[in-house]
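For reference, the structure I am asking about is given below.
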Amino acid sequence: MQVQLNTIHKQFGSLVANDEISVQFEPGRIYGLLGENGAGKSTLMKILSGYQQPDRGEIVLNGAAQHFASPRQALAAGVGMLYQEPLDVPVFTVLENFLLGRAHDGERPQQSAKALTQLAGRYGFQVDPHEHTRELSMGERQQLELLRLLAGGAEVLILDEPTTGISAEQKDLLFASMRTLAREEGKTLILVSHKLDEVQELCDYAYVLRKGRLVGGVQLPCPNQELVDLMFDELAPRPARRQPASGDVLLHLQHITVRTPRLELEPVSLQLQAGQVLGLAGLEGSGQELLLRACAGLLPLSGGSLRLGGQPQPDWDYPRARQHGVAYLAAGRLEEGLIAGLTLTEHMALVSNAHGLLVDWPQNRQLAAQHIATYQVVGQPESYIENLSGGNQQRFLFAMLPQNLKLILMEHPTRGLDIRSTDWIWEQLDQRRAQGTAIIFLSADLDEIAARSDQIAVFSGGRLLRSVPAAETTADELGHLIGGAL
Amino acid sequence: MDSTQLIAIFGSILLQSAPLIIAVCGETISERAGVINLSLDGSLLLSALAGFAAALLTGSLLLGFLAAAAVGAVFALIVAFGSLHLRQNQVAIGFVLAMLGDSLSAFLGQNYTRLPGPSVPAWHIPLLKDIPVLGPILFRQDAVVYFALLLVGATWWFLFRTRAGLELRSAGERPEAAFTRGVAVRKLRYIYAVLGGALVGIAGAAYSLDVKIGWAEGHTRGMGWIALAIVIFGGWSPLRGALGAVLFGATKALATVLQRSFPQVALVAFNAVPWLLMILVLVLVSGRLAAPLLARAPAALRRPLRGLLQAAPPAALGQPLDDN
Amino acid sequence: MSLSKTRLERVWPLLPGLAALLVTTLLLLAMGTSPVDAYSAMWQGAFGTSARVYSVLAFLVPLLLAASGLLLTFKAGLWNIGIEGQIIMGAVAASWVALRVQLPSGLQIPLELLAAMAGGALWAALAGVLKTRGGVHEIFGGLALNNLAILFTNYLIAGPWQPPEGGSFRGTQPFGAHALLPLFENSRLSLLSLALAIVAFAGVALVLTNSHWGLRLKALGQNARSAFLLGVSSNREMLLAMAVCGALAGLGGGVRVLSWFDSLRQSISGGIGYLALMVVLLAGFRLVLTPLVAFFFSAVLNGSITLQLRTQLHSALGDILTGVLVLLVLLFGNYERVRRAFRRRRSQADG
């Protein structure tokens, strides 16, 4: 199916997400849609898939103009989208998720289950219709969504950053099925990504967006530099990483285990030196989150021991961790970290350790203003935190961190941030590292882990598979490791 | 106590629990679709009055039940409108309606207090009523009890075995996913909130026309809150919810029986049983107690135990809808 | 067009009040009572004589105390529906001291009031512990505790504390004069209690606007998880907010038995706790509005008691008036929100 998007325009408040974008996609080919975070890729694809409506512009399928009021209508017309986080219902079984929204014509559930397994077999996927979706890996949930869209008659398939958080094997399987769909079944495929290598590997042609505008289309493969020049304004060169200071052992974990109803972390032992960066790699829910949260005192240890600076910590919990100079930054900034409804000044007063009964508002306002200047936050002391952009929220979170921390624990420190904020944040972390602060972070972005860590621990199925020095591995190798292949 | 007495007690427990079962089913439907209707206590009171007054004035039981259902539906509609269209807090609206229903029933009911009125006649089902033990308990009842029993099965079947039920649950679990699959989330939430409210209304009339015949101020006061707690205890399943309602009815019946053999003062203690029970079961099904218990249980037992003890509410329960 | 819009916007806040009056007027007409007579009876009942005004103020004291406490718990994100039981347990504790202790007034009364605060705080802490340790939502824990408090009162009145002349179910014997709050001009108003209520409200206002504790409560109410990660001990602050609210409510209960009545009665609170919740909801959690709304509620309810005495109409009419008002303000009070909701619907219909 041929797709034409003509002068699509979409504005959110004062932000122009799509500025008169016109692109065309031909059947039987795989397209890349490239751009930084916030370039407008997702908005454009949400418009094509009926999730959002454009302010202006039209969608033309095989020469006929279309108007989609909902994703259902788009799918009926042949356009299906696979969202970054699969839009399924986790408590439903695989079959229930397959059935939800499927035109049935009196089809019985057993027949649907059969149709599902047959379809899965065609693309080399394995599904158990009666398993609960929440028990599946991200990659499997993605496969299920893909099958649902195909069963719904999708001729145009949009995949939004599909390789984040899946293993290398699942990625290979996904790419193979995408090739089959385009080459053999003549479908139109669109891969939304900010990863150049993936697009080069898979796609025939790439459109590049920047700040809401279409800045070019390139026949692939082509030199990477060509794409980079299109995607980014001039970038300041990434500052060279400081060498890890060889400090004393700061954190010493011996055979620690963590137990939650969903997952058990099998005994983990490791050591971290002051100033060292430990990256935790693994599919979502492989145990790395448990380790990080246990170090923060947010989950109790069910076995083993934790020593900080040589001192055993038998009753480790979060307040104690804070007292000992351990900071924890969660992935969802507005859910876990900042408080919507409070101003920047109120945040400062909240974390200030002032002991008086009453708040000294002028002093806290001044403090907030200082931090805003130092950390280059776009905002005022009276701004409500939720009105800041994601990058500025993350900057302010860093501004609130106390000085002289021993250990910083982070989940997805740069998720959703543009490249400038990402570099800025790692620069800040580097400075703290030079002062002897150790860092443990987890990320779904294997490139980030490979580039920013000194040591990398790979998790699979609740086990620490392997701990390797970062210099001895690559993102690609990590991709194969996290799938559980040894 | 001989067996006939025991069977009579079981029969009366079922009768006493019937309105609660109906209300629990109604609220379960509403909450599964994502709408908390906290107005139940006021809604039950006003619908009990409406049912009684309408049946008394028209002489028709059916019109009584219909009037009651309409009252319950209107209360639910207000909650749904306030939260789905005006994006206001469901809990606040529900609470105010609970209070308002109480005062409205007190004011409007002042001329209906302790009047004799119509009641649902017993209706023994031929053949089935002669089954030993089960016959007298289950089939020598009246239409309200049969309706409650059928409603439990029908609600369960609808929620978990039909496509419409699948769509209903998706609206309460993950509305954005439901939306991408063409489910009209807002419309469904309206429909099922109002349907659930109508069932609550019918439960109100079941009190005033059958189980606790007549009207007096505060006639069903407290039962709405108990029904809401039973929905939680029931883990948002009509089967477990009905079980909870019957257990609740049984402790009340037990209290009534024991009360005869104890002096006057102990009556207070028996009246306290439902509320103590409410606290107890809510502690029991809350994650705080269940999670450590489950973690210690042998692996083989963990899954069935989790099914029995833990109950996660619908993930999007009470959350406003996001229109892009 | 835009002119008429701003005019509509200007009269908007008055509309719920008018609509609530319309509802009660219709109810009165349906009951065959002249609305003019009824409303004038209510007005007379609230403000007709100075004694009536004192009565409105006397009723206001526990209501304002409870509402002040609720400002704290709401700020922390808690629905302290159990406040009704906290008032009752305050009354029970004060009665216990009044019945069992014999001291000079100057010691007796402070002791009673302290006991009242302790009783309320304890009952509130129980709901708090059920929430923080037991995982029971405060609405359900609170409701159960309310009913248990009522039953406990009934038990005391019918059992251990029954008057010597024999088991009446209405109340205990009247307390000695030394145990009762001094009353103002033969009314039910104790000026001391009014002063305490005003001080309590002012204290709550100070805590919420200018104290570290108030800021922690706000953080907790807005986002408990983030507040915890930023170092706010959520369980402790929650319990503390509950206990302080319970203490204020308990003080209100003490005032009920020591000045409004002279003994512990059945339904000693009579729904003041639920009323206080309505007050705070109508005030939209705003500090300045809370005492004004509480005064308005107190006037309406005192008026409707007179209405019942004069016309035999149930005094629930006052609750209906306030209830409809709260409901309409909750639903339609925010003009911007209503306008957006309807504009959204229109645009959907177009699409």
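Which chain is which? They are A, B and C, in the order written, and residues in each are numbered from 1.
Definition applied: a residue touches a chain if its C-beta (ideal position, glycine included) is under 8 Å from a C-beta of that chain, and two chains touch if they have at least 3 such contacts.
Please read all numbers here as calculations on a predicted model, not as lab measurements.
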Counting C-beta pairs in contact for A-B and for B-C, the higher total belongs to B-C
Central chain (distance from its CA mean to the mean of all protein CA atoms): B
List the centre-to-centre spacing of chain A and chain C in whole Å, with centres computed as mean CA coordinates. 48
Rounded to the nearest whole Å, what is the centre-to-centre distance of chain A and chain B, using the mean of the C-alpha atoms as each centre? 43
Averaging C-alpha coordinates per chain, one finds the centres of chain B and chain C separated by a number of Å equal to 29
Residues of chain C that touch chain B when the two form their complex: 27, 79, 81, 130, 133-137, 139-141, 143-145, 147-148, 151-152, 154-155, 158-159, 274, 277-278, 281, 313-314, 316-317, 319-320, 323-324, 326-327, 330-332, 337-338, 341, 344-345, 348
Show me the residue ranges of chain A that touch chain C in the complex, using the header's touch definition. 53, 69, 318-319, 322, 328, 330, 334-342, 346-347, 349-351, 354, 356-359, 361, 400
So in the complex, which bits of chain C are touching chain A? 206, 210-213, 215-216, 218-219, 222-223, 225-233, 351
If you look only at chain A, which of its residues touch chain B in the complex? 51-52, 70-73, 75, 83, 87-92, 96, 99-101, 104, 259, 261
Chain B residues within the chain A interface of the complex: 163, 166-167, 169-170, 173-174, 176-183, 291, 294-295, 302, 306, 312, 315, 324
